[in-house]
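Submitted below is the structure of interest, expressed as structure tokens.
Naming follows writing order (A, B, C and D), and every chain is counted from residue 1.
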Amino acid sequence: MRIDDDHFHDQCGVFGVFGSEEAANLTYLGLHSLQHRGQETAGIVTSNGKQLFVHRDMGLVQDVFTPEVMDRLPGTRAIGHVRYSTSGGSHVKNAQPIAVDSGHGSIAVAHNGNLTNGLYLRRKLEAEGSIFSSDSDTEVFVHLYARSRQRTTIDRVSDALSQVEGAYSLVFLSPDELVAVRDPHGFRPLCLGQLGDAYVVASEPPAFELIGAEFIRDVEPGEMIVVDKFGMRSLRPFGDRKVERKMCIFEYVYFARPDATFDGISVYESRKRMGRVLGREAPADVDVVIPVPDSGIAAALGYAEEIGKPFELGLIRSHYVGRTFIEPQQSIRHFGVRLKLHPLRKILEGKRVAVIDDSIVRGTTSRKIVRMIRDAGAKEVHLRISSPPTTWPCFYGIDTPRRDELIAAKHTPEEVASYVLADSLAYLSVEGLHEAVGGSGYCNACFTGNYPLEIRDQREERRQLPLVGV
Amino acid sequence: MRIDDDHFHDQCGVFGVFGSEEAANLTYLGLHSLQHRGQETAGIVTSNGKQLFVHRDMGLVQDVFTPEVMDRLPGTRAIGHVRYSTSGGSHVKNAQPIAVDSGHGSIAVAHNGNLTNGLYLRRKLEAEGSIFSSDSDTEVFVHLYARSRQRTTIDRVSDALSQVEGAYSLVFLSPDELVAVRDPHGFRPLCLGQLGDAYVVASEPPAFELIGAEFIRDVEPGEMIVVDKFGMRSLRPFGDRKVERKMCIFEYVYFARPDATFDGISVYESRKRMGRVLGREAPADVDVVIPVPDSGIAAALGYAEEIGKPFELGLIRSHYVGRTFIEPQQSIRHFGVRLKLHPLRKILEGKRVAVIDDSIVRGTTSRKIVRMIRDAGAKEVHLRISSPPTTWPCFYGIDTPRRDELIAAKHTPEEVASYVLADSLAYLSVEGLHEAVGGSGYCNACFTGNYPLEIRDQREERRQLPLVGV
Amino acid sequence: MRIDDDHFHDQCGVFGVFGSEEAANLTYLGLHSLQHRGQETAGIVTSNGKQLFVHRDMGLVQDVFTPEVMDRLPGTRAIGHVRYSTSGGSHVKNAQPIAVDSGHGSIAVAHNGNLTNGLYLRRKLEAEGSIFSSDSDTEVFVHLYARSRQRTTIDRVSDALSQVEGAYSLVFLSPDELVAVRDPHGFRPLCLGQLGDAYVVASEPPAFELIGAEFIRDVEPGEMIVVDKFGMRSLRPFGDRKVERKMCIFEYVYFARPDATFDGISVYESRKRMGRVLGREAPADVDVVIPVPDSGIAAALGYAEEIGKPFELGLIRSHYVGRTFIEPQQSIRHFGVRLKLHPLRKILEGKRVAVIDDSIVRGTTSRKIVRMIRDAGAKEVHLRISSPPTTWPCFYGIDTPRRDELIAAKHTPEEVASYVLADSLAYLSVEGLHEAVGGSGYCNACFTGNYPLEIRDQREERRQLPLVGV
Amino acid sequence: MRIDDDHFHDQCGVFGVFGSEEAANLTYLGLHSLQHRGQETAGIVTSNGKQLFVHRDMGLVQDVFTPEVMDRLPGTRAIGHVRYSTSGGSHVKNAQPIAVDSGHGSIAVAHNGNLTNGLYLRRKLEAEGSIFSSDSDTEVFVHLYARSRQRTTIDRVSDALSQVEGAYSLVFLSPDELVAVRDPHGFRPLCLGQLGDAYVVASEPPAFELIGAEFIRDVEPGEMIVVDKFGMRSLRPFGDRKVERKMCIFEYVYFARPDATFDGISVYESRKRMGRVLGREAPADVDVVIPVPDSGIAAALGYAEEIGKPFELGLIRSHYVGRTFIEPQQSIRHFGVRLKLHPLRKILEGKRVAVIDDSIVRGTTSRKIVRMIRDAGAKEVHLRISSPPTTWPCFYGIDTPRRDELIAAKHTPEEVASYVLADSLAYLSVEGLHEAVGGSGYCNACFTGNYPLEIRDQREERRQLPLVGV
């Protein structure tokens, strides 16, 4: 459960549309349905076929884009982005899409993912005279694009992609073309849809559902989708040789919306199966099964079914908590969690309770939740986590803490149970997770340390401090 | 389910504290946990024992009260209010608590409820030379207080109460005293708690939970709680003769938080029982039971248990939808609902679905929801409502539409089913509702037309148009 | 010269129009041209013949009234107000016009002046059950109006006026009528104009100039102007007996715009004559005459002419200084003045300089100005004040400091000269001031202590602290 | 007189400080005193010796820089900028200082002026792979800096300067050094001062006056001032050969503050002399001489002295007019001017009036002013302009209209007099202007078309539309 910074940070969401009179409005709505992937900045770039128009700011989609702003975003093509910082600090200068003028004309790009040689390329580009206006590794793409000697937008994008390594689902917009690309491993999702004559791309299919577009298919790892006035076509800039699917399995565990489906696998159903397998692997002798809402609900339903115990909403989540909140005195214990979750005493009092959460990061939130359940009268609290122990940082687009801050990296389940005050604690096994999700070709490095791609930037050092926007 | 204006409007929430160094902060937090009772205006009045300090504005608690504002609210006593208009239009001038200077010193009041002779009293007071700065009937209380010839705050409050009729849970604050009153019928809830040496009152017990206060008991219908430097005492200004408990049963159906408990009855559990009784009264031959989240979840759990079918989250609710939203073109059907709810196609496709909602007002939202479920592939949709048909307007603090706008007032369940595109529709019976909630002494006038109290103001006419704040 | 709080505070400006399709817009413009009379709050009330519409807020006219707000102010009648606190603290609740609903319908009032029995009446009204929402003595008018037993708006206004004492230029607006009144002494100005078929009233004639209206005449002391659908008429609610003109002579010295004319006397010309008489009474042997801009310019021109020395702009005023400004460290001397005034070194260096200012309050600003002129190289600085020593507080609408803070009340000109670091200091004589302005019937109490009206409220004591809006 | 867009637009102001604990505060104050040079955007970059910190936004200095923002600008070095667009549209992305990360570390630059080969260099840089984030030609400097192969900051700045042509007064800030440069012609002013151990640079000396710094001297055309931890030194990157002073003479006519002094010549005194020479060249047989305030005051004083007629403030300027203002109906004639200027009828009525303004651009504002004076009763109006006819556009940092919009470029003084409704019109001669200012080495191209520097960009064409920030 995401409380303050004690969880993997959400990452980013991208959206694009080509060929609709309502391009900006559809992007606005698409970003709204991707808001769970990033609440820090939002941006839209539109094209009227001649020029790009850009607006980006800190804040939620519905706050950044007022009717006045929307009126100034003309054209039938648009891309958009919501962001939670993965690389680059929290500041409007790191908002996306990045849009610049170059010798090849204006170009904009929205990026979900993280480059593993972003710092290396930045150093190289800076040494060649490039200047950087943001901390984001996404800016590397537009520099490589601008420096490319290729003759077409597509060739220049391909040229840029041939130099980058890492995780990226990208949407480019030139005045004339929309280009959507998923990296050869397909770490981050990207989907293709259609709305009348217009084509749309989005990080998750529910963005299509909201605007009434039809889901066509997932963009494949290593695939480039190009949409221009001649229609849509699929290219393979990397060839088939380099492509090896390594979709982030954590999208199923926590990131994606429950109503999303990737490669035909429903996120909600996979979560329910995680609960079932967890129930099989680690049943608890309890009176009631409760989720940590909202992300734990599906797994808790599966767990309850598997062990044959009643599912109840033992914790109520408040929907009115924003970013800033005035803190009371310290005497109010575990306050941050209390603002978001309230225990349902009548359900918990005198009961043996199984609590289902999706993951544990530092353990501090779990500790607060377990204590809250105990304070409400529970006799026993058994914590069940619907994913394996998170023991390795992610370098492919998720903002995890350093390894030494991951409680599971250094402590046994028993030690963690003791720290979080639970009577017992069990994780889903790695095999159980793969069984629950089904299919194959996943990156599970955060659980196993099996990184599919070398991290070049770990060997780089930042020589000097970057400038700070205030 | 509350979508835009197609539901009973929420009403108001009140909070008060006497005797804490953190009076303003505690009120801020208390109001936050009552935010579901009103999102339109928020206000706090504090007392430092000599003077009252007031801040009120349009907006959510966390937006109205910045750290700068909180710093200017000193003292160990405070009352607060959140509001959704019941009487009086949407404008900051109608925000509460109302605070004024009078011949008896400064006085402030926060009100949950609605007077049935408010307009009559306003006419009378205006005829005697009083001036009104708001449209709210709450202003009547301070005028009656100011005009009272009694010698003490308590006697003046009692004097005022002896003249008003209707529904009210009130909290008054003078520089020296906190007075909390519940009308003789106890239409609206009011609870008493303790935090160290401080006493607290709130519309619902979860407000105590959040601030770490202990729940003592419900304030009883017709009871007046007085807190001053000598401590807390209970008075009976109406005597026992006039007191007849008529607690609003709709608080259990929809208004109150699921983690609230009134008179020992858990709202969550009563809702689950409504689902069970509804399952007994009107079982549906379906493959899956889904709630309209969040208000329908408990009833759906009960219904699913009763009919022995699986409970699933077939509709996902978005937490990022604020008040204002840019509308797309009309070609996107039933848009308002889509922003808040997304169907989970994998759960619904090819299934016979029972959908549990708490109530139907005009039917327009139900129609959108049913259509959305059908569009997601459901074979059959059976709508089950965990309360009886709403056929009469409320005059006791809930902002219902006129009778001719209540779809159940004019149409049989079959007709409504046809309008909302459902294969079948069934309501909970009035008896079933009472059985599910348990206890006795409820107002069910919105279902039965049995009004416990005459509505004097229906016979009044507004002679002239009031002034309009813009 | 007005720097921070070291000057008499400006007071208030009122405006009204009856019979124009652009009533709100004209009021907006009229208030803009009266902005120098109050920069703290601004408000407009309009009437469409049935209802009043009100908007008031803290800030300058052009900030308070956005196009969106203006669109919500319909009707052909309007009154407006700009305010700098005279009675009542700095808070939006004290903004005017005050508008309320009463038994006689809605009524609004805008007030320039100060009641000398305001607190007495407030006590009396509170004792009779009235409640007060502001600290402003203006609220007394609407209470008296609401309590009046008279049958017509005019009679009720007259009834209210018969009870108040003090200084007031008032504009009332009911849905049907505009009523403008000037108190029997005519302390504060009020003028009547015409724009096509519409009648307009304003504190100063330049408000007419801006909107293209024609100046008709000054409203006379003790006169009531009524405008309704039958046209305009003049009434004498006090009879002639009680009327004795005591127009504030300080309007000529400082408050009014230089382009204003009252009773046929040009403010600019009277200021120039003050300079001439001052030159005659207290010539200085100098090389150059400079004003403290902008208020001292006219007097400096007259002084320079009289003594036959060149006039120069030795101090430049900045037009970009707003209310809030970040302060540097203390090492920067006399900073507040520096932000607004810069010395023109080339004009001052090595010169004997006469500096003309309109008045001295505490002396602190004069000291900073003289020092700044010395720092810029002036050999001698001779301060000349174009009004007599200010030795008594004003009770008729100007927010003066207490008597013991008025430097001239306790110190000889020589002592003051020494304090402000001037080589010499001279004031205009009271006789000289009257000669310069011309005409007769002025209040000069701030110079002489000859108060034309008893101050009843000095004998009143505030029994309790009023409530505080934060 | 500057009314709306009927005048030469202001340009830019720059400020820099090295070695003060209050670097950000001093820059804030310095920019405040340069606010007349640009009201559209404001920005500050500070350095703590390791890192740069930047804040820029649309708006006035005191609005852009809140105390919160100031707290986040640490360090003892800072540069700042105020801007009115010369090249590049009105958008925050064009705000300065520009600050970027490059291979040589972070660098920031603030620019007053305009490059004559900016577009040419942009094309060249884009062709080499550079990307542009703004429309401003200032961005060219940082690209050239970033691409330089030189080893030191100073050499890289010099390298960049060797490639640019045009008008520039620049301040660079690296984490370690402040570099201030004035182009070889010295088109735009730049001054050097000292405050304790700290060095300061600013567009105009009054910026020093405000912060208590001592004016040292003008930075010379072609001079580079470097300040670092070793102190201040002066360099000559262009050698003496290329340097030919061509200071903009219009700074004396209108742009600079009256209290500024450049090369020992007081702006105020030069303006007064312009008035004197104008009085000699074109005396008017009038009763009174009035300025168009504030810019015409000094010239009017000189003119009045010369012709021996009284100087009066016949037009009053309002200080409360901001950027946005609600427009009344068209029936109110010459409205824009009325908001800013009010005629003083008593001074003008029945008089023959000489009006002194600094320049005429399109003539529309002059026409409104003359009409306003006539409407106030003047018998004759003689317009006198204290500069020669403006007949050529400026390419060196002033945003003039195209030549065909300059009324004097196509019309004789008689024709212009007729258009602006004046009885007569006379300009100062070019010789008269040079005599009045004194000294030598001025650019007077806007009056004569004698451009000291070729405009390469006129031959360039923009191939594609740039991106638009909204």
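Assume a residue touches a chain if its C-beta (ideal position, glycine included) is under 8 Å from a C-beta of that chain, and two chains touch if they have at least 3 such contacts.
Nothing here was measured: the structure is a model prediction, and the numbers come from that model.
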{"item": "Steps in the shortest chain-to-chain touch route ending at chain C and beginning at chain A", "value": "2"}
{"item": "Chain B and chain D: spacing of chain centres that average the CA atoms, whole Å", "value": "61"}
{"item": "Whole-Å separation of chain centres (CA-atom averages), chain B against chain C", "value": "49"}
{"item": "Distance between chain centroids, defined by C-alpha means - chain A, chain B (Å)", "value": "37"}
{"item": "Interface hub residues of chain B, defined as touching at least two other chains", "value": "none"}
{"item": "Which pairs of chains touch, using the document's own definition", "value": "A-B, A-D, B-C, C-D"}
{"item": "Contacting residues of chain D [partner chain C, same complex]", "value": "22, 25-26, 28-29, 32-33, 35-36, 39, 60-63, 65, 67, 70, 206, 209-212, 257-259, 261, 266, 268-269, 294, 297-298, 301, 305, 310-313, 316, 318-322, 324-326, 328-329, 331-333, 338-339, 342-347"}
{"item": "In the complex with chain D, residue positions of chain A that touch it", "value": "45, 50-55, 69, 72-73, 99-103, 105-106, 108, 123, 125-133, 142-143, 146-148, 175, 464-470"}
